[in-house]
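Each of the next two complexes has chain A plus one more chain, namely chain B in the first and chain C in the second.
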Partner chain A sequence: MAPKSTPASSETAFNAFNTLWKAYRDGTSDRLKFIDSFLFFLMLSGIVQFAYCILVSNFPYNAFLAGFSSTVGQFVLAASLRSQVNPDNKDEFKDVSPERAFADFALGSIVLHFFVYNFLG
Partner chain B sequence: MSTAYPIPSDISPATVKNTASLLRIVALSLISGAAIASRLFAVINFESIIHEFDPWFNYRATRVLAAKGFYEFWNWFDPTAWYPLGRVVGGTVYPGLMVTSGVIYNILHFLNLPVDIRNVCVLLAPGFSALTAWATYMFTKEMKDESAGLLAAAFIGIVPGYISRSVAGSYDNEAIAIFLLMFTFYCWIKALKQGSALFGTIAAVFYFYMVAAWGGYVFITNMIPLHALVLVLMGRFSDRLYVAYSSWYAIGTLASMQVPFVGFQPVSTSEHMGALGVFGLLQIVAFAQLVRTHVSSQQFQKLLFGSVVAIGVLGFFSFIFLTYKGKIAPWTGRFYSLWDTGYAKKYIPIIASVSEHQPTAWPSFFMDLQFLIFLFPAGVVLCFRELRDEHLFVIIYAVMASYFAGVMVRLMLTLTPVVCVASAVALSTLLDTYIDPTEPVADDDTRSEADSTVTSNGSSAPSKKAKKAAAAAVSAPSKGPLSDLVAAATGSAHAGTGNITTGIFGLDSRGVVVLNVVFMLMFFVFHCTWVTSNAYSSPSVVLASTNPDGSQHIIDDFREAYYWLRQNTPQDAVVMSWWDYGYQIAGMADRPTLVDNNTWNNTHIATVGKAMSSSEEVAYPILRKHDVDYVLVIFGGLIGYSGDDINKFLWMVRIAQGVWPEEIQEPNYFTSQGEYRIDDRASQTMKDSLMYKMSYYRFNELFGGNPGTDRVRQQQVPKEGPTLDYLDEAFTSENWIVSLFPSLSYLAPHHFFRSTSDASNCICSRNSDSDFVSMSLLVLPRW
Partner chain C sequence: MFALKRVLLLAVGLASLVSATSSTGNSVLVVVEPKRQDDFSMFFEGLKDQGYELTFRQPKDEKPLIAEYDVAAFAHVVLLASETKNFAKDITPQSLVDLLRLKTNLIIALSTKQTPLSLLAPEFSLILPPPGTPLISYFPKRDEPASLVPITPTKRDATQIISDTSKPIWFSGVPQALGSNPQLVPILHAPAESFASEIDGGSADALVDSAEKGGEGLWAGSQLSVVTGFQTLDGARVTWVGGVDLFSDELAQKVGPDGLKSGNAAFARDIVAWTFQESLVLRIDKVEHHRVNETGPSELYTTNDELVFNAYISKFNPKQGSWEPYSGINDMQLEFTMLDPHIRTALPPVRSVPGKYSVTFRAPDRHGVFKFVVDYKRKGWSHLHSSVTVPIVPPRHDGYPRFLSAAWPYYAGAISTSIAFFLFSALWLAGEVRESAKRPGKAGKAE
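Then we have the complex of A and B:
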């Protein structure tokens, strides 16, 4: 999951955030960081769409829902992929190899975008 | 290692395994065959006909789909329903059922098998019941093992609680929905167990199919989030849960919005908000977990925990705020009526008037589930013993479904699968214990030693313990009685397990229990067959009774009248009847109706109710305003058919009263003692009402001028029968069940035949839709 949006209200929290960031940078493989950057992009995209919906208009509501669901769905699928390929979770996902995880991710995305495309209107 | 009975020892494990899987396949196909066959009573006893009320609409819609194609069906506007309003059918149906049979129809025709669409519709439910058995097998297999799965499949295949909605001809949404329900749950469990996005996606796709097929999809929408929520609250959050839930929810919700009838509801109504809330919660928790793996400082953990709770509370309050602002639709009346059984009667009489929305009577639990109902709690308790994530699902499902089944008769249908699963788990555990040939050793020295190991491991069930010990001794993981058998047969494995001292000794103690179980199972089969053939296989369009000599007498008044309408009236003749018969009139007579079983417009129904319950002078202008040409009345007083309009009359009054409280008042229809009577003592309002007049018009002539006896209400009608000034009798069917009254001045010849008086033992099935005498199961033996 994307390393942000921690509520940094107090100074201790800010310090904690720094240590977190450091720990993340040091302790995460490049492959996971790559997925994380994709997640971060999806989150930004979702925020922009949501802001548009609230500030401007939700007029083609189905189109907004399709776009927003696309980012949310892609986000959770990618996050699932991330946790499945994370070596820390190896004993959690005994039946899911990294290759299988990617195939699942691809299939889930295809199904998701089939519905997104249908709902765009 | 001694065994209670001899076991062949020269079989290789591979042979046992292959034989077992072959036997499983054979058993499953036999179960499918039994499931289909026991649903064919309706076709054999009667004919291949669509049953009851709603199926007639589904059938009619399917015919449009098959004849004109999918796009025509999707855009179908039906001007003959809800005359003069019409109905946009494409946007107000769950199209899954029609599309399913449309696809089957087209495949069969592509293969040059010219099967009639009616037969596809009639046999769809039995076909899907075989799939349900399979899905239940898969589901139960995840709970325990294959043998429990087979038992569950056999139970669901023939249990009356499910058969009641899926006999041949019962072409309703539930026919395919239970399969989809079970399969979605199976995929969910599988996704949760493996942490697989693939199964999450499959669950979402089947969830979509379910949404397209039945309004009961809301049950899934809330069951899965509830399960996830309980897991999180129990501290059982795992990345597998995250993967399974997120992939199911993200895809499933978007998919469910593709169904026009559902539309934006998944993001705007309270029923769906739980799923969204749990989705949000899981994101937060997963994120917190991830952060926790990177930072381990105590202070930070606290901060994290605080922020998770804060976000949760914030989300909850924003939900309340949005509901208050009207962005999220509040709970609907149907939902409230699930918590307060009196709610519907007070506020939405149209829902309360449907007999299948009444609270369930106790006997019907036994009737529908027989011995499963008392095995069911045992199975749920057994789920607590292992309490893996999937067992929690069964427990939650059992609690929720038990409650709902108690509130509403029709929700018995959602209870039935979990009853089958839990009972199968219980029964198969019992059989595992008693068929297991491992003979305990009755040696005092080893007993004390073994006892200490038992207590130290803290296992509550000795036999399970024994099996575990045996399993531990074998190098391969033991699963089910079969592999125990293999292990026992191969012998060597049990060299170190001589310390089993608790268990079942000898063949006799085993035999008693196993024979009892076999006896119960056999009795269950007899019960199911009897209930199915007697109570649940009546089409209710065609009734059966017994002649004095024991032969079957078919009462076919409904079709007689509908075909009379079809043959003798102009195509655009509008027929007014109570809403129960709307779909049948549209389906069989092909004439416009004022109201039908869709019941979307309460006012329109109340208008019909008002016309029926007012005097002729008041009713006539209403009839004229709605272009009514014929009024159709169902009257069972002559042959004792209790689901007739006089019995439903009070609901017409109540629904009309809801809209015109000053013109129609329910107390006026009772006698001064508060009785509902139709004889001399009936109130004047009652006697003046159009419904009363039409029902008893010329009734006495049948009895040679003497006061006739109403056989449903066991009362004598007044000596002077009612007279009609504005309407006239056009047609009365053979047994007087259906009468038609033209409201305009033209007069059609009326024919009726004196019915034979033996036509009394009529099998009135459970579902005479708004039968205020509740669900009277009038099953009288037919032989």
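Then we have the complex of A and C:
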């Protein structure tokens, strides 16, 4: 690639981002987008809790661990659900139907929340 | 049989309570050479007047025994046979130490001669000068021999034991240098200008020689003691008197060159009062502990509880022969220990209740098995020791707030995650139904 000036490069980066965003919007199924929005919410929630812990107080430390790990654990479970229901990964998860993947996700989440609420108080 | 003996003893004890003076008993064994017994008649009469029952025994007599089957036969033993070299079989340094273990109090007189008793003295941290070297002082100028020394008690002496510090105490005998044992109670020190030396051969050159040897070489000055008490850890008391003549009638009646009467009789009385557990005798009647705003003790306490500790202390009143509440201790401390004192705090007297000492403190933020320890040891006073064990436990699961406002972001995070999970699941399943309904149409296109 030929060297370019800074505004040009930022413009390119913006263009690249736009292209990526467009490709994502057009090329991703609604189901995966739905999962992605859930993941985004979990990430925000985790960031908020971590910032509160650092900036304000980690005092009931068990509460912080419970709250933060519930977001992290839910994120991991949702992410694995996303990779299993993604049609692009069909070859890798031949034995796992999307229904089975969701059942795994739901069971894992219920167990996770059980532990989280036990640890919260 | 044993019970009968107990009852008899109790009856005797009650009967003698009226004139009782000692807190531990009135039976006294006096071991004295028969030819010197009359020299101490005033001392003995004084003891009898106070209510003591004297039993006399010659040093070589076989009976009465000082202890039989490991039970002490007398409450107190006075050994005035200071020059005797051979005692009966049962009076040995070892048996005297055993007597102290049985809480018998001893008065032991020493002399310039080497006897079994002077060999026992080093075991009590008393360092005696060589045999044949009495205490000598040429001051003040007087007609009496240089080895008969008038000693006026000073502030350095045990003023809580000596009742009258104005009259001189005439002393003739051997001084003792004191070791570092904290259980020693020096009662009367030698005058500053006195020294231990041979009476005749004590030339100035010999003195300089011995001074140059340093330390052990010279027994001189006011750091020497002539009458020294010793209190064992069990509370038995033993008093070492450098010369037996201190108790004699002759010195008790003596009038000094300046017309002052001798203080020997009163001083002998003071020695007896301290040694026979009449004066400076304390005991802890009971200790209590409970939480603030409660009255009874608790099986276990929680970390950070506010605790109250009370101790009730009595002092023996020899005149009444009874124990009386005593609030005069101002430097007592309470320790709350688990291996180390986690808390050490003053245990001051409560002004409104005589004999009561109380302190309120917060239990440490540390769980474990703790002890309330009162350990009060002061020279001359009987030792006070009390130790009560209590467990300190962490708060119970319902003993502290579980949900705090500071943690609301975390609770909100966990709850919102759950709600989001349910919403997500519901929408996902709804979407699946919708999709499967549409699928027949779309399926052909996709494939």
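Simple rule for what comes next: the second predicted complex is superposed on the first by the 108 of 121 C-alpha atoms of A that agree within 3 Å, B and C clash if a C-alpha of one lies under 4 Å from a C-alpha of the other, contacts with A are read in each partner's own complex, and residues count from 1 in each chain.
We adopt the following convention: a contact is a pair of C-beta atoms (placed from the backbone, for glycine too) under 8 Å apart; a residue touches a chain by one contact, two chains touch by 3 or more.
Source: prediction; values computed, not measured.
Annotation: superposed three-chain arrangement on chain A; chain B versus chain C shows no clash, the two fitting side by side.
In the superposition on chain A, the chain among chain B and chain C reaching more residues of chain A is B. After overlaying the two complexes on the shared chain, residue contacts for A:S45 are found with chain C alone; chain B is out of touch.
When the two complexes are overlaid on their common chain A, residue A:A66 makes contact with chain B and with chain C alike.
After overlaying the two complexes on the shared chain, residue contacts for A:Q84 are found with chain B alone; chain C is out of touch.
Of the two partner chains placed around the shared chain by superposition, chain B is the only one that A:G27 touches, whereas chain C remains out of contact.
In the superposed model, A:V116 makes contact with both chain B and chain C.
With chain A used as the common frame, the shortest Cα distance separating chain B from chain C works out to 6 Å. When the two complexes are superposed on chain A, the residues of chain A that touch both chain B and chain C are 66, 116. If you check the complex, the residues on chain A that touch chain B are 1, 3, 5-7, 12-13, 16, 19-20, 23-24, 27, 61-62, 65-66, 69, 72-73, 76-77, 79-81, 83-84, 86, 88-89, 92-96, 100-101, 103-105, 107-108, 111-112, 115-116, 118-119. Residues of chain B that touch chain A in their complex: 194-198, 200-201, 204-205, 208, 238-240, 242-243, 246-247, 249-251, 253-255, 257-258, 264, 267, 283, 286-287, 290-291, 293-295, 297, 299-300, 303-304, 307, 310. Remark: chain A residues 30-31, 34, 38, 41-42, 45-46, 48-49, 52, 56-57, 59-60, 63-64, 66-68, 70-71, 74, 78, 99, 102, 106, 109, 113, 116-117, 120-121 touch chain C in the complex. By the touch criterion stated above, chain C contacts chain A in their complex at residues 402-404, 406-407, 409-414, 416-418, 420-421, 424-425, 427-429, 431-432.
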